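Pasting the structures in now, so scroll down.
Each of the two complexes below includes subunit A, the first together with subunit B, the second together with subunit C.
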Partner chain A sequence: MERSFIAKNPSVLWFLLGLAGFTIVITILSEASGAALISTSFVKTLGKTLCLCLVAIAMDVVWGYCGILSLGHFAFFGIGGYAIGMWLMYARTEDIVIASLENATLPPTPDEITNAIGTQIFGVVGSSDFPMIWAFSHSLTLQLLAVALVPGLLALVFGWLAFRSRVTGVYLSILTQAMTLALSLYFFQNDTGLRGNNGLSGLQNIPGLEAVSQATLSLWFFWASAFALGVGYVLFAWITAGKLGSVIRAIRDNEARVRFLGYHVESYKLFVFTITAIIAAIAGALYYPQAGIINPAEIAPIASIYLAVWVAIGGRGRLYGAVIGAAVVSLMSSWFTGGKAPDINLGFYVIGWTDWWLVLLGLTFVAVTLFFPKGIGGLFDLLQPRKGDAP
Partner chain B sequence: MRHTILALMILLGTALAASAQTLQSILQAHGEEIASPSRNSVGVALGDIVASGLPQTTDFLEQWAEKNVWQRDDGMFFIGAEGEGLLTLTDIDTGAQSADASAEYYQLKPNGGVRRVIGTALVQFQLLDPDLTRRETAVASIARRPEAAQLAPLMASIDGEVDADLKARKIQLANFLSARFAESPMNRIAAINSLATDTSVEARAVLNQILTKSPGVSDRAPDGNIAAILDPFIDPDRSYAALVAANLAPARQSAADIKEALEANIIGGRIADLPVAQMDDPANRAAAYAALAARGAVPTLVTDEARNAALSAHVFYELYATPNADITTAAATALASVETRVASAQAVDLTLDALSLASIFFLAAIGLAITFGVMGVINMAHGEFIMMGAYTGYVVQLFIPNYTVSIVVALPLAFAVTFAAGVVMERLVIRRLYHRPLETLLATFGISIALQQIAKNIFGTQARPLTSPDWLAGAFVVNDVIRISFIRIAIFAMALIFLALILYILKRTRLGLEVRAVTQNPGMASSMGINPNRINMMTFGLGSGIAGIAGVAIGLYAKVTSEMGSDYIVQSFMTVVVGGVGNVWGTLAGAAMIGFGQKGIEWLNPSNTLAAQTYMILFVILFIQFRPKGIVALKGRAAGD
Partner chain C sequence: MNTLLEVSGVSVSFDGFKAINNLSIQIAEPELRAIIGPNGAGKTTFMDILTGKTKPDEGRVIWGEKSVSLLGMSESQIAQSGIGRKFQKPTVFEAQTVRENIVMALKNPRGPFDLLFKRRVDDSADRAREISDEIGLSDALDQTAGALSHGQKQWLEIGMLLAQDPRLLLVDEPAAGMSPSEREHTTDLLVRAARTRAVVVVEHDMEFVRRLNCKVTVLHQGSVLAEGSLDHVTKNQDVVDVYLGR
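And then the complex of A and B:
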């Protein structure tokens, strides 16, 4: 089964080989290996980029393959980040509190420890009580489950409601965007217990691994991200290949006809919507410990729009296209907005890329939509003029 | 104080008959008292001054209270103004001015208490002053700090009042004062009853003053005008704290107190024979504390049972400051009736608020109702057209300083600018993407991102003001509860005008006919000689132009920033979708539903507008599940599918 799947989809093998090669090269060049040709912060950037590639292929499956333009998948990504961030923040604050109470005259009671942690975490929003949603934050296992379950359930309920009512096309997009807006507004409130617009911070310090240097830690996260991307890629390639994949693509091309052929379209769409939401959340859970901070602005509707932009520029309906799009656009974004790109002096006006990059990106996006609907991935078709796996 | 007033009352009548003495001579008679007055003794001097009835008295009292009276070495008083080492002196009686640089003058600085007594005397005097402004000042000063002593002179001044407005105000104020201070309970109750229909904040304050109550606790049935007997077990800890504060029970030990007590009693690493290391268990801490208490080292722990017993043994009550029960009953009844009126006024106010929010949503969404609703083109840059309109208004104001003129210029100019932008966008982008709605959505996202960043590059990130003309600055005030700013009324009127305009264009003009024809069947329309390309361009331009005008209106009400468009885009789309695509009335219904819904949720939880927005969006998402076609759903062929 596995052999024939790989044999049918040679691009999967090439992708995995490329990813493995990339991982090995970065590992050798990193500070942790001693070569130190790449800084720790750049390893982190690359690790984060791999996570963005993972959420991009999830977006590609739900949009490029199934035709649901979801403007909510970056919200799932953010929820994953929040879920793991709650444990990171709780556990680390607990360590700090216990250390600070070590020399107290009386050994602290469990209540005193919990209160001290609460004051530490929620002091910024003028509270010290643990809200209900932090009930499981002490347990890594439960929070890891939450990473998958919370977005999964949310996607399941939302998708069930939406698909059942046959909300499709642009209406569905607007509805998912409304969901994202509602979520980000919810996270912004101080009294929902997620520290309002302060978000969660200090996530780069992993409790229990204080002894490990950030250089090594960044490499570990890089490996984990690469592994997750590889697994996600194979999973999605497997889903989109074969009969299941054919049905999913058929739904994209003509939903009514698939329904009349006797397929239960809603179930297929719900499956795709939910599984991609879970993968997006896992990507988020890997991303934010590398970023170190998460706040509600990260899940604002615009973030999900950028996700669609990456996939569109990279090329819809082909997984490697999404990876290329996410990697190229996000790395270029950080290059341009980081002030490293040389400004262009026109004599009468200096084009500063920190200001004009978004304009360029927006217009590029318009051009891609108008003239190159296949995106960067379409270039591969030119190299290989035969029927590929792209539609 | 009372002294002053009595003297004043008796002497007021005889004031006119006073002999032709000078004010200076009266002041000299009380020289010492005036030079260093005290609150209790200044009354006599004041009484004589006021009794003189001299016209210069008011001036003198005002200057005295403002520390502008100076005394010379020989005891004579002057009104003085200091300036550049020179003292300008005014004779108290003749008003003759002189200047003196010598240092033999001493400034009188009456303290706060004395100034208040002077003020009270002055107010009563000013109430009868021939100058209207002075009388108004006096009335305002009584309203600011009402005192029992002011009631009689205020009442006395009503009959002689010539100004009708001031007279009404004096009567109202006298009513407030009698409700609080009248001697006879009958008069007070009558005044209180008359307040039952007054929803003003002042009247409510008066009633609340009468109903001032203080909590109390006692071990037997309390005397006095009891407002309520309280149940101590609603908040037992707080009730117990009141007992402790009244010295009727021993203080309770908090967790921190217990910890402190334990820490203070560590002897050789043990507390009452228990090792300190075991103190991380709350049970062990309790045991250690109990052991310490048994030895008498610390006060006995007040357990929950002990607390409850103490609470049961005492009466908790609230006592009115006003001893007369009839008065407080009348006031409570009056207040209840006022509050019913206030509540209904608040409902009206909330409705007006909701109406103005709905008109903002409607204005933001109406352009979209044309491009998305009628044409079916999804334009994510619609919010940026709103922003362009607002910035057009801002730029116009840079060139035309007169706000009224600038708004008049800005409205058509904003329409022109966004109409042109819409036409360009339709020709370059949207025309190529008809029948590919998702693609249109993406391309217009790209445009939205680019436009937003361009605006940021040109105008910067900080908010720019779009100032409304003065005649729009105020508010329409019905009473103390219902008030609505003129700008919101203007936005409401504008929303109505646009509704009428668009209905007229779509239903009554040639363009509207052609638009509807092209929307329903472009092929057929084109074979009837209509140019669908031109019509689409015009329609899109119209929708965009209206967004521009809405931008000016919204800019007047909120700040102009490069991100203001994205604040409205999701809401606008929801307004159109909820209302029902393809129908302007639907957009109106959608805007009304979202506006009223959001204000309603806000009313349930006033502290949190973000929560209101969140729950409103959730409600809309659910609503669309059950009515996917919106409130006003098109039926039959017009529905398109």
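And then the complex of A and C:
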């Protein structure tokens, strides 16, 4: 008889238990529960970290399992953030405008309201008209659909063109990076209608939930992020287990051979590329309401490169490795660059971590690549008896 | 015996060098055929054309009862229509177990969603075991393929081909680097496989070809120099000059 999915993949159960335990502990310690042992901003940091873990496991599936070093998955993450941010900004501004016009002598016409919202949102770029791209921003449902559909379609079309032409390896990485760069430049332009380099802001204020304190709201988003990470983890564990996972890893190791076995390699790559892009976008849609602001710099190629660095440090080809890498590196990064790390005074020179953190990260990346190709996750192999050892 | 594969007037050149020059060859089903020839005779290119890796400049490659042309098909379509290929260097997926390697090759629906939702794959465990028995690796099913010996990897790859259940099996130098007893096992495997299907073996080693005891085609400079039994072709003066005489 075939064993159950969990029995075959015990790490999934351990991960879910760990995630649930972590969520409960943070909930108890948070301000919202009254204990207030950790600050609301730290709850937000942890919630954001969970979203980064989710995009990291997506990156691990596309790179660590399928061998496509995509430098575009953080762009999908950003698009997800923009899609939800447009609704947040529109709906919130609408509330403010209606409230401010309540005391007017004449009741405002719908046109006046739309114009006022437009002025509020696009004043920073010297405009008051709604661009086409905002056509659905009044509807939460449509913008939520856009979170999944826009990056999904983009990945599908881009992937179809790239994989069909048999672009592989470093050339494919360059192509995905070009896509990311083009996207970030597109978002930077004022003409695009997404407020240029100002980006979207005030995303931490959820329309309709003004009465809920930020402490409570931060916890809700933390829960949502933990839930999304759990679901994403199970989904990817399911995809990478069994025969599909076997074919995906085989494509990574020798795609020509897989072709001669009769598999249409391009369909598999397209499937993996697209589904991971959608999950990355969902992670972004949860991340940016916690961050409060999104701007085109978030989409720049460097962010996608960091994503690859996290996965490499955490350990490619295992989902928990990606989670560890994203959590450890992004938390350390905010500690070092947040001014909390003590500078090292050498007498003749002071090592300030805000500047030197990137050097440390770079050296760590080189060291991991050279000496621990399995990353931090590889340490777990030492805990298990190797196959063939006495039981 | 029906003609399964008909190659006629095929030529291909790389940067002006004619790797295959007006080559015509027919394979029946079932049949065991050996193709021999010196280095650069076009043996590997011939296989590349049949499996869709290389597109010829001219000529026709006709397959099966329905006489479909293989030239417009992709590698995966050709593989699915029943042509399996074993490479010269054993190419198994070393990071995966023997069982995973065989199961991947088994003749089953091959789309991503077929695999995700396990469509029509109920007997794959039994079939994997049968094949591992046939290639003598039933004790190694849960080992990673990378841990196998060179000869075992060759058999695993032949086993993967059998799992594909192709009508035409192309085998490139199966005996390279094998010990005498491993060679004997390999000969048995191929002769048995050729009872129900077409098997084409490309080989350098005359002793191995003699043991296969089958019709031989000699390639030279991309075209057929001689065809017939091994004794017949070894008596051919052209063959002696270009190949055996050296």
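The working rule: the second predicted complex is superposed on the first by the 382 of 391 C-alpha atoms of A that agree within 3 Å, B and C clash if a C-alpha of one lies under 4 Å from a C-alpha of the other, contacts with A are read in each partner's own complex, and residues count from 1 in each chain.
We take it that a residue touches a chain if its C-beta (ideal position, glycine included) is under 8 Å from a C-beta of that chain, and two chains touch if they have at least 3 such contacts.
The structure presented is a predicted model; accordingly, all values stated were derived computationally and were not measured.
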Touched partner set for A:D111, first subunit B, second subunit C, both or neither: first
Touching partner for A:W356 - first (subunit B), second (subunit C), both, neither: first
Which superposed partner A:E102 touches (first subunit B, second subunit C, both, neither): neither
Partner chain(s) touched by A:N254 [first = subunit B, second = subunit C, both, neither]: second
More subunit A residues in contact - subunit B or subunit C: B
Partner chain(s) touched by A:S246 [first = subunit B, second = subunit C, both, neither]: second
Touching partner for A:S165 - first (subunit B), second (subunit C), both, neither: first
Touched partner set for A:H264, first subunit B, second subunit C, both or neither: second
Subunit B and subunit C footprints on subunit A, overlapping residues: none
Of subunit A, residues touching subunit C in the complex: 238-239, 242-244, 246-247, 249-250, 253-254, 256-257, 259-265, 267-268, 271, 387
Residues of subunit C touching subunit A in the complex: 51, 53, 74-76, 79-80, 84-85, 87, 91, 93-96, 100, 103-105, 110-113, 115-116, 118, 121, 142-143, 160, 164
Interface residues, subunit A side, partner subunit B - complex: 69, 105-112, 158, 161-162, 164-167, 169-171, 173-175, 177-179, 181-182, 185-186, 188-189, 191, 301-302, 305, 308-309, 312, 355-356, 358-359, 361-366, 369-370, 373
Touch list for subunit B against partner subunit A, complex: 255, 259, 262-263, 266, 276-282, 285, 378, 429, 432-433, 437-439, 441-443, 445-454, 456-457, 566, 570, 573-574, 577, 608, 610-611, 613-614, 617-618, 620-622, 624-626, 628
